[in-house]
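Chain lettering (A, B and C) follows the sequence in which the chains are written, and residue indices restart at 1 in each chain.
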Amino acid sequence: MAETEMLMLQDVHKTFNPGTATEKKALNGVSLTLNSGDFVTVIGGNGAGKSTMLNAIAGTFHLDCGILRIAGREVAHLPEYKRAAFLGRVFQDPNSGTAASMNIEENLALASRRGLPRGLRWGITADERARYREKLAALDLGLETRLSSKVGLLSGGQRQALTLLMATLKEPELLLLDEHTAALDPKTAEKVLSLTRRLIRENHLTALMVTHNMKDALALGNRTIMMHEGRIILDLNAEQKQHMTVEDLLAQFEKVSGLELANDRMLLV
Amino acid sequence: MKKTISLLMVLSLVLGLCACASAEEKTWQIGILQFVQHPALDEATRGFREAITEKLGDKVTFIVENASGEVPNCATIASQLVSRQVDLIMANATPPLQACSNATGDIPVLGTSVTDYQAALEIDLNADGATGMNVSGTSDLAPLDGQANMVKELFPEAKTVGLLYCSGEANSIFQIKAMEGYLTDLGYECRRYGFNDSNDLASVTQSATECDIIYIPTDNTAANNTEAIANVVLPAQVPVVAGEEGVCKGCGVATLTISYYDLGRKTGEMACEILTGGADISAMPIAYAPQVTRKYNAANAAELGVAIPADYQAID
Amino acid sequence: MNISQLFNQLPGAVAQGLIWGIMAIGVYITFRILDIADLTVDGSFATGGAVAAILITNGHNPWLAVFVAFLVGLAAGAVTGLLHTCMGIPAILSGILTQLALYSVNLRIQGIGTDLGSRANVPLSVNKYKDMLVSLRNVGSFSLNNPIWLLLLITVLLIALMYWFFGTEYGCGLRAVGANRQMARAQGINTSAGTVVGLMISNGLVAFSGALMAQYQGFSDVSMGRGAIVIGLAAVIIGEVIFFKLFRNFGLRLLAVSIGAILYYLVIQVVLWLGLNTDDLKLLTALVVALFLAMPYWKSRLSIRKLKGGVRHG
């Protein structure tokens, strides 16, 4: 596979509420390059800057300084909705990724037009509906028979699965997953995670996944990075990951950051 | 055969008697649509009702409705009165007049508390001053030149006159324009101060106090907020000449008044002429206030040190 | 106080209700679809009336008058939208600011051609302008002149148009903006532009309704829009409370809003018919709307109580 650069962050800085009592240096010189096909997991304590980095890529806010390229394009000046053309996103809150008051096929139709101009073409064609049914059937959640149900009626896990599908319906250059199983119960989380793995593998997607679960972080993907206080302090390639255990990871972290990582959330399996 | 004829005769006799009886007991239904709750309008309605009741007693039932200041209600109530097929409608203020004249082309509509019928209905009065359609009524226009002369009489040394009015009231704008003309002829410099509603009334009044005197026409919003105006003009020592008594009582010094009660009575008399006297409303000229009186507010005049001539009447 | 009198008054209520129903559909778009409380409508309703009045009194065709009123309403909505998206002013305040400004604008529009330059009231007598689209005068007749026919036609066409529009790709995008802003952005929808477009369409409809109202009542007055947002919201909520369980289709929901406006006016008619003091009209209207608003809440409380009862006996 060709080594095309899919994501490039260079010396990115972002401070929130500068000059006030709540000033926070969220990103402190982050540099990261992802090549096509990379599946990178991101771990770190609370406030390390993981979600902030994802939001910076997505364009929820503008950077103070630094370079940001997605698939070779300079995007730092683009607003969030314009960057959406290259990105697929799944959020932590299952309610964020779908529109509850609209039905399943309408949500999918919206996702299929991502990045494309929206004209006055009416409704959903039979072909499109068949395609959606097919994709939904692959999720194995029984959603393919409920195309006209309102999304608000679905469970959290079903909504996350749907959001995942919407994120990959029109193949994105980069898939951003922000702790997307954190709000789900273990069984559903497992289902969504295996779905994630499958979709990324089948579509050869480049993905960046933030997780609080160290075990999952090590098990998934071909690269793991650890963040702390707005910087990337550890970058493990596939081989290093294979030989690493959670305890080793913790020890590595203490060595690099000089702190004992007392974060129960990260240790819980 | 004989039985049938006698039956028919009895029936026709009975019917005839009934007809006579009902002819004697002719009753009327009069609909009154008042724009908003407000002293001058209330007085006009009262005068209207009393004049009619005195003449026609309990042969008349009134349906009294108030639009509570909301323009859409005027259309609703007007349409309701028309559907109830009242014999006459009294429209108290301009929006009711417009709504009622649009609601019906047949039922006689008498307006009151309306200053300018031509502007309100977009018509020209004929040579006699009548509308030529099913509308007539009384106008509350106090002679504006008389009011201008009153200003001259009381404040001969003053230089500037502030014209204070609500920009949303067509009647007020009409009066301001005319007054401006008269006062300028008398040698005053006039400035206009229009407020939108009771919210900016006080601050606009404050700006108006830069003038020597202030004139307020028969403005509904001003009439409802005389306290607020008084709180500005009295400390600022600026006398107010008012277009009607209610405003003068609240914040003014002097006024050339008409009595809204008398205006209402005149309207009531016109109604009686139409209902019982067979008068044709389309030929009835618009009537004006029967008399004007020079009145003054003793307390305010004393406080501001204004000398009032002897022929003025004190407002009690 | 007899029933036949009430029946006689029905056409008036239906006609006014249909006109306000058009306005209520505009309010529905911002309030329910875009999830914004847009207070511009008190101003844009009167603007529609002002524009129509000036055009009609200057001899223009009434259809042209209402169309131009619609366009001016679009502009009013755009102003609110730009205040909100470009200047970061919260939506409610943006609406209030535009409404405030429109008061002066409306005076000026109505004053075109006069030497004062501003006018509070423009008469549109049905005696003079015989080709006006709707008039209070004809509401009792059974002929084709009766404004109810035209208003019904307009309402149906409008609902069909809205149904089509919100089913297009672009219209679906607008619905997403109101349903979930974050998700809309993540799907590449320009939420700022969408908000402005939604406000424009809404106020265009409101102004269109105002233009019809001015013709219906026979005059345009600068204060004719006061309280319009209350009537619009009342119509939306009454329509929802009564019909939304039955009407799931988007088009039927818009119809429910229009029916809500008619019901609101029917309530007013009943109050008047009962001979209750019209001084209390506003209080009674508030009570009725409050009752409608409380119904869904009481219904849910009632079903909880039934459930509790069941468990106890079980």
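Please note the rule applied: a residue touches a chain if its C-beta (ideal position, glycine included) is under 8 Å from a C-beta of that chain, and two chains touch if they have at least 3 such contacts.
None of these values were measured; they are calculated from a predicted model.
Colleague: What is the chain whose Cα centroid lies farthest from the Cα centroid of chain B?
Modeller: When every chain centre is compared against chain B, the largest gap points to A.
Colleague: Which chain pair shares more contacting C-beta pairs: B-C, or A-C?
Modeller: By the number of C-beta pairs in contact, the winner is B-C.
Colleague: If you average the Cα atoms of each chain, whose average lands nearest the overall Cα average?
Modeller: C
Colleague: How big is the gap, in whole Å, between where the Cα atoms of chain A centre and where those of chain B centre?
Modeller: Averaging C-alpha atoms per chain gives centres 72 Å apart.
Colleague: Determine the centre-to-centre distance between chain B and chain C, using the mean Cα coordinates as centres, and give it in whole Å.
Modeller: 33
Colleague: Return the distance between the CA-based centres of chain A and chain C, expressed in whole Å.
Modeller: 43
Colleague: Which bits of chain C are touching chain A when the two form their complex?
Modeller: 164-165, 167-170, 172-173, 175-176, 179-180, 182-191
Colleague: Report the residues of chain A in contact with chain C in the complex, numbered from low to high.
Modeller: Counting only chain A, the residues touching chain C are 58, 79-82, 84-85, 87, 89, 91, 95-102, 106, 109-111, 113-116, 118-123, 166.
Colleague: If you look only at chain C, which of its residues touch chain B in the complex?
Modeller: 5, 8-9, 11-13, 15-16, 20, 57, 103-104, 107, 116, 118-121, 123-128, 135-137, 139-140, 213, 216-219, 221-224, 226-227, 231, 265, 268-269, 272-273, 278-279, 281-282
Colleague: In the complex, go through chain B and note every residue touching chain C.
Modeller: 37, 64-68, 70-80, 82-84, 94-95, 98-99, 101-105, 119-123, 133, 167-170, 173, 177, 196
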